[in-house]
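In what comes next, subunit A is part of two complexes: it sits with subunit B in the first one and with subunit C in the second one.
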Partner chain A sequence: MSRPGFVLDVDDRTPPLIVHEGLGFRLENFPLGTRVVYPPESLPAVPDVDQAIREALLHPQDMDPLPELLFAGMKLTIAFDDLSLPLPTMRAPDIRGRIIEHVLTMAADAGVDDVELIAANALHRRMTAAELKHIVGERVFRSFYPQGKLYNFDAEDRDNLSHLGTTEKGEDIEISKRAAESDLLVYVNVNLVAMDGGHKSVGIGLASYKSLRHHHNAKTMVQSRSFMDHKHSAMHHSAWRIGRVIKDTVKVFQIETTLNNDIFPKPYDFLQKREWEWSVKDQATMLGMRRGLSVAPAKLKHKMFHDLRSVYGLTGVNAGEVEAVHTKTLEKVHQQQLVEVQGQSDVLVMGIPYVGPYNVNSSLNPILATCMGLGYYFNSYLGQPVVRKGGAVILYHPLNEGFNQLHHPSYVDFYEEVLAESTDPAVVGEKYEQQFAEDPWYRHLYRTSHAYHGVHPFYMWYWAAHAMDHVDEVIWVGADRKVASRLGFRAASTLADALEMASGTVGTSPSITYLHNPPHLLAHVR
Partner chain B sequence: MMLALEMFRSVPRTMAGKAIGGRMPGILSGYAAPLRLVTIQEPRLERPGWARLRTRLSGICGSDLGMLSGRTSLYFSAVVSLPFVPGHEVVAELLDDCEDLPAGTRVVVDPVLTCAARGVEPCESCATGATNRCSRITVGHLAPGLQTGFCKDTGGGWGQQLAAHRSQLHPVPEGFSDEQAILIEPLACAVHTALRAGVTSNDRVLVSGAGSVGLFATLALRQLTGAGEIIVVAKHGHQKELAREFGATEVVAPGEVLRRVRRSTGAFQLKPQYSAPYLLGGVDVAVDAVGSKQSLETSLNATRAGGRVVLSGMPAPADLSAAWFRELEVVGTYASAQSEESFRIATDLAATDAVQQLAKNVATYPLHRWREALDHAHSAGRLGTVKVAFDPRSTR
Partner chain C sequence: MSTPAKGLVTGGIDDVRQVARGWRWGRRSQVPRSAEEFVLPAKSTVFPSDWSRRKPAIAAREVAQKGGLQPLFRSVSRTRVEGLDVLDRVEGPVIFVANHASHLDTPLILLSLPDEWRRRTAVAAAADYFFDTWWRAVGSSLFFNTFPIDRRGGTMAATPGEVLADGWSLVIFPEGTRSTDGWMGKFRMGAAFLAKEYGVPVVPVAHRGTFAAMPRGQGWPSKGRRQLTIRFGEPLVAGADESVRDFAPRIKDAVAALLDEDRSTWWEARKRVAAGAVPDPSGPQVAQWRRVWEQTESPEADAPTRRISAWRR
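Up next is the complex of A and B:
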C-alpha cells in the first residue's frame, strides 16, 4: 500500500532535504516552519500490462471495441506521443510500443494493410531513428520505418497538412493530412501529468503553427490557471474547442496511459524516498554521488543523468472516446500526484532537475530551465498557486548548460537578441514571434535536421507568463548571474541570500513552501 | 626649422613590425616604430598654387597605425618616399596667400596628390574628377607619394608646418572648432564609401567596425543613401551607442554578426570544416571598415550572392572564396573624389549634432608625447575615444 503525499513542516529534527539543481542536487537546510510538499509514493502497477491493454481496447469508453472499428481496405493511422514523454525516458519496452503492437495485431486480424505510424511531435524536434525505435519497439520499427510508414510529423510540409476549418472562436484547425483523411486515427499517449492528453493529443501533437498560435501565446498562457487543470486553463479550452471540431471530421480512438512515480531506478532510488527514511546504504550512495558529481566533468555528469532510464509501472490504460477516456486518466493522475496544501505562502521554492520535455538527450538551456521552473513546476497546482500573488519564487539551477546547437538553434537567437530587448512574454511575442516562426533557416533545420521549430523558444517563454505575472520576485540559487540577469531575474549564492534578497518583497519572516519535485506532484491548494 | 615626427627607413624595425606588429601593435608603435621626433627644415614648394600651412590639428588614422606597426602591405612602398612626415588628416591655417585664399585662412586638406598638385597634365582619372584614382602619383615635380603625409616633399600634419596645393584646400566654415574640422577628411572618405557602396532603396547593409571609419560610413550611408536596415558591428560599449546615434538600425558584437545577419535576412548558415561559418543569403551590401582578416571575411561571409563588399579599411590578406563562389562585387574605396564634392558634403555632415558631440571627445597630444598618442590611438576603441590627434602648437 503506497502512502499518500503530505506536507511536512520543517522543525529542528528535519534533516537537510534533497533539492535538484540541473546535473546534480544539494542537501538544503530549510528555515524552521518551511512547508515541504512530498508527492504520494508510487502506486502499485497493474499486474499484467498486456491484459490491461487488451481489456482497454476491447472495452473502450463510449466507443465500439477497437476490432469493430477496423476493416479491410481502411486507412488506419496510429499517432503517438514523442520523446518529450515520459520524463525521464522509460526503460524499454516503452508502453507506447506495447500498445501499438496490440493495435497492429488487431488491424492485421481485420485485414487492414494501409497503416501509417506518426510521431505527434508538433513543433518539437524530429526524433532520430534510434529514438523512434525506442518508443515503438524493434519489431514495429523494422516493419514500418524502412518503408517510410513510420515517421515524424512535419508541421511545415504544406502538402501534407489539412485545414479542417475554424472553431466558433475563429481558431484555425490544421493537422496532419494523413490523420485527417484516415478512417480511424488511433492516438497512443503517455499521460505523465494532468496537463497531457485529452484533446491536447491530436489537436496539438499533429497540428501546425497556424493552429498552435491560437493557444500557445502569452495572453492565453496567463489565463491558464493552471495548465494542470484543463477546466481552468484557457490553453486547454482552446484545445478542447479544436478537438471537438476534429472529432466531427476524424474518428479518433484515444488510448491514454498513466504511470506511477517510480522515476529513479536503483541506485538513484534514494532520490524519491523521504530523507529521514534513508537507509545507511542510501546515505552512502548519496554521499558517493555527491562526491563524484563534485569532481566529474560536465560531459560525464550529463551522460550519467541522461542515460538514466526509469522503471515506471503502468497504473492504468484507458481507450475510447477522447473526453471520456481523459476523465478516467485524470483520476489516476490525481491519485498518484495530488497533495492537499492548505493556503498559499509568501515564497515558493523549487529545484529544477536535469531534464524537461524539450531536452531529452540534450542540454537544459536557461530558457528551458525557466520553462521548467516557472512553467511546469509553478503550474503544478489546482485551485490557486502555491505562492501568493506578489510573492517570490526561488529556483535552484546553475543555468550554465549553454545551448545545444543541433536541437535549439533558434533558442540562441531568442536568448541573445530577443531577451536582450525585453523579457515580457507579450512584448517579445508581438514583435518577434512571427519572424522566428517563418524564418526559412529554422524551418529547414526543423524539417531536415533535429531542431525544434523556430518559434519554440517563444512557447517556452509563454509557459512562464502566468508565473511572471503572478509573482514579484524570481531568484535563482547557484545560478550564473549574467544569465539570470539576461532572463530578467536575479541570482543568489545560497537560500539565505535569496531570502534576504526577497525580503523587500515578502518581508524578513516569510512563509515558505518547498515542492519536493521530482517525483511529480500536483498541489491542490485550498 | 620646425619640429616634426618623421618616418624613416629602418629594415630591422620594419622586419620587427612584420613579425610581431599584428600581435603587439601597441608595444611596437610605442618603442620600435620607425618614427622619430626631429627638427627639420620646413617644406617649401616655390611653385604656383602652393602655399605653406601651419598645422593646428592632425589626426592619427588607422592607415598610419598600420604603417607604423608594419601591417601595411609592401604594395604601398612604391608610392611613398622616405623619410616623410606622416599626417594626412589636417586642419591648418595658411601662412601665405594661396590664389583666392588669403593667408590666415583656416583650411582642411584633401591629401590626395593629384596631377594638378604635381604640375603634370591631368591623367584620365583626374580629368574626370576621380582624383583619388590619379595615375601620376609618382611623377611630376614631387617625390612619389600617394598623399600628403606619405611624400617627403610636402611634409605632413605631424609636423608644425607642411605645404599644400590650392587644389587640396577646403576652407573651414566659421564656427567650426578645430576638432570638428579634423573630422572632415575622414567624413569625406566616408561619403565616398557610401557613394561607392551602390546601395539601393531599402538595401540591408552591414558595416563591420565602429571606429571612426565605421561610424562615419554609417552616418554617410544613412544620410546619403536609401539604405534600409544598417547593422553595425561594434566591440565596445561607447561604440554601440555612437553607432545608433549615427544611424545604425542594429548594433551587434563581433561574435554575433553572422547569427544576427542570418536572423534578419532569413539566410541559411553553413559551417565548413576547420573554418568560419558563412551564410547562403545575407546583406545586400557589406562595408569592411576595419581591414583585418576577420572583419573582411565576416563581410564576405555575411553578404548575399551577387551582393557588394566595400573595402573601406586597408585590407589584410583574407580568404576570398566567398567572393568567387557567391559572385560578390568586391569594391575598393580609397580617399575621396573631387567630382563627388565629398568635402562639401562632409562639411555638412560635420555640422550635424552627432558629429559635433563626437568632436568634443577628440583627444589631442603635443608632438613630443607621440608614444602616448600612438598607444592611445591603438587602444582608442577600448578607451572610449574615436579620434586621437596631434596638436603641434601645444607644448604640454
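Up next is the complex of A and C:
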C-alpha cells in the first residue's frame, strides 16, 4: 500500500533533507517550521501490462475498438511522444514501444500496409536512431526505420505540413501532412505530469511554429495558472480549441499512459525515501555518493546521472476519444502526484535536478534550469501558486553546466545577446522571437542536425513568465553569480544567505515551503 | 595534501558529522512529529534470547553484572533496599511486579536481589524496543537477562510462560512503558495472567527515585549519586476462584501500598490500607509540571548517608 503525499513541518526531530542541485544533491537543514511537500509514494503498477494495453485498445473510451477502425488499404499513422518524456528515461522496454507493438499487431491482422510512425517532437531536436530505437523497441525500429517509415517530425518541412484552417480565435492550425491525411492517427503518449496529453499531443507535438506561436508566448503563459491544470491554463485552452478543429478533420485514436513514481533505481533509491526513514545503508550510500560526486570530473558525473534509467511501473493505460481518455488519465496522475497544501507561503524553495524535458542526454544550461525551476516546478500547482504574490523563490542549481553546442545552438545567442538586453519575456519575445524562429542557420541545424529549433529558448523563457510575473525575488543557491546575474536573478552561497537576501521582500521570519521534488508532485494549494 | 584531496577529507568529515547528528547515530532515530501518522507499522524482527538462559551466558552475565554493572551502578547511585526478608518465605520462581519510571529500574531490582535469586531472574523487555537490533538484543540479554514480550498486542508471546516454566523468576513492569512523569500508570493484566496460569506468587516491588535520577530521554544518570529506594512486599497468590481481572488490581494496590510505605512508615501505610485511604499512585491531578516537579526530587533515605558497609547493599 503506498502512502499518500503530505506536508511535513520541520521540527527538532527532522534530519537534514535532500535537495537536488544539477549533477548532485545536498543535505539542507531547513529552518524550524518550514513546510516540506512530499509526493505520494509509488502507486502499485498494473500486474499485466500487455493485458492492460489489450483491454484499453479493445474497450476504448467513446470510440470503436481499435481493430474495427483498421482496414486494408487505409493510411495509418502512429505518432508518439519524444524523448522529453518520461523523465528520467524509462528502462527498456519503453511503454510506448509495447503499445505500438500491440497496435501494429492489430494493423497487420487487418491487412494495413501503409503505416508510418512519427515522433511528435514539434520544435524539439531530432532524436538519434538509438533514441528512437529505445522508445519504439527493436522490432518496430527494424521494421520501419530503414525504410524511412519511422522518423522525427520536421516542423520546417513546408511540403509536408498541412494547414487545417484557424480556430474561432484565429489561431492557425498547421500540423504534419501525413498525420492530417491519414485515415486514422493513433497517438501514443506518456502522461508523466498533468500538463501532458489531451489535445496537447497532436495539436502541439505535430505542429509547426506557425501554429505553436499562438499559445507559446509570454502573454498566454502568464495566463496559464497553472499549466498543470488544463482547465485554468490559457495555453491549454488554445490547444483544446486547436484540437477540436483537428478532431473534425482527422480521426484521432489517443492512447495515454500513466506511470508511478518509481524514478530512482537502486542504488539511488534513497533519493525517493523519506529521509527520517533512511536505513544505515541509505545513509552510507548517500555519503559515498556525495564524496564520489565531489571529486568526479563533470563528464563522469554527467554520465552517472544521465545513464540512470527509471524503473517506472505502469499505473494505467486508456485509449479512445481524446478528451474522454484525458479525463481518466488525469485522475491517475492526480492520484499519484497530488498533495493537499493549506495556504501559500512567503518563500518557495525548489531543488533543480539534473534533467528536464529538453536536456535528455544533454546539459542543463542556465536557461533550461530556469525553465525547470520557474517553469515546471513553480507551476506544479492547482488552485493558486505555493508562494504568495510578491514572495520569493529560492532555487538550487550551480548554473555551471554550460551550453551543448549540438543540441542548443540558439540558446547560446539567446543567452549572450538577448538576455544581455532584457530578461522580460514579453519584451524579448516581441523584439527577437521572429528573428530566431526564421533564422536559416538554426532552421538548417534543426532539420539536419540534432538542434532544438531556433525559437526554442524563447519558449523556455516564456514557461517561466508566470513565475517571474508572480514573485518579486528569485535567488539561486550555490549558483555562478555571473550567470545568475545574466538571467536577471541573484545568487547566494547558502540557504541562510538566500533568506537574508530575501528579507527585504518577505521579512526576516517568512513562511517557507520546500517542494520535495523529484519524484513528481502536484501541490493542490487551498 | 593537495586541495581536492583535502576537500574530499574535510568535506567528508563535515558530511559524516551532519549525518551522525541528523540521524542520531548511536541513539534511537526519530520521526518528525508531523510525519508520525504516516509511519509504516514496524516489521517484527525479534531476535531470539534463548541462548541467554544457558550456562555459558549465565556465567558471562555473572561476570558482567558483578564485575561491570554493579560497580558502575553503585558509582552513580545510592540505594536503600528493604523487605528482602519476604524472599525467605517464598519458594521460587516468582513474578516480581514493579512500577516503571526509568531504565535504572531493572538494574536496581536485579542488583537488590540476593545473588541466588538474581542468577535465576529474567526480565520481560519490550520486543519492539530491546530486541529490534541484534546488538541491543545481545546487550540487554547479556546484562539483564531480558527476554522479549510483545507490548502492543493483547496477547503475551509464548516466551514468558516458557521462561517461568523453566524455573526462572520474572521481573515484569505491568505499565508496559516507562512513566513520562514519574507517577505510576495503568497496570496491564499480563503479570496477573501469568501468575494465575502458572500458579506462582507475585512479589510486589515499589521503588522511588529512579525517575529523579534518570528520567525518560536521559542517557545517563544525573550527577551526584542520587538516592534510590526499593521495597519488596509480601507475596500475593491468586485465589482459586479469583479471576485475572480481580487479581490484577490487587497487585497494583500492593505496589501502591508499598510506595506509600516507602514514603512514610509501615504502620501508617497499614492504617491507610485498612481505611482505604492509600494515596493514588498515579499522582495528584494537578498541572503536569507540578507532577514532574514533585518526582524530580530524590527520596531522602531515612538512614544516615553513610550506613555501616555491612548493611549497605
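In this section, the second predicted complex is superposed on the first by the 526 of 526 C-alpha atoms of A that agree within 3 Å, B and C clash if a C-alpha of one lies under 4 Å from a C-alpha of the other, contacts with A are read in each partner's own complex, and residues count from 1 in each chain.
Note that in this section a residue touches a chain if its C-beta (ideal position, glycine included) is under 8 Å from a C-beta of that chain, and two chains touch if they have at least 3 such contacts.
Nothing here was measured: the structure is a model prediction, and the numbers come from that model.
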Superposed partners subunit B and subunit C on subunit A - clash or fit: fit
Which of subunit B and subunit C A:Val412 touches, first, second, both or neither: first
Between subunit B and subunit C, more extensive residue contact with subunit A: C
Touching partner for A:Trp276 - first (subunit B), second (subunit C), both, neither: second
Inter-chain angle, subunit B to subunit C through the CA centre of subunit A, in degrees rounded to a multiple of 10: 120
Contacts of A:His444 with subunit B and subunit C, given as first, second, both or neither: first
First, second, both or neither for A:Arg291, with subunit B first and subunit C second: second
Touching partner for A:Asp157 - first (subunit B), second (subunit C), both, neither: neither
Where subunit B and subunit C come nearest after superposition, their Cα distance in Å: 31
Intersection of subunit A interface sets (partners subunit B, subunit C): none
Of all residues in subunit A, those that touch subunit B in their complex: 412-413, 416-417, 435, 439-441, 444
Residue ranges of subunit A touching subunit C (in the complex, touch as defined): 3-4, 6-11, 13-16, 27, 29, 274-276, 278, 283, 286-287, 290-291, 294-295
For the subunit C and subunit A complex, residues of the former touching the latter: 4, 7-8, 11-12, 15-16, 18-19, 22-23, 29-35, 38, 40
List of subunit B residues in touch with subunit A within their complex: 256, 259-260, 262-263, 266-269
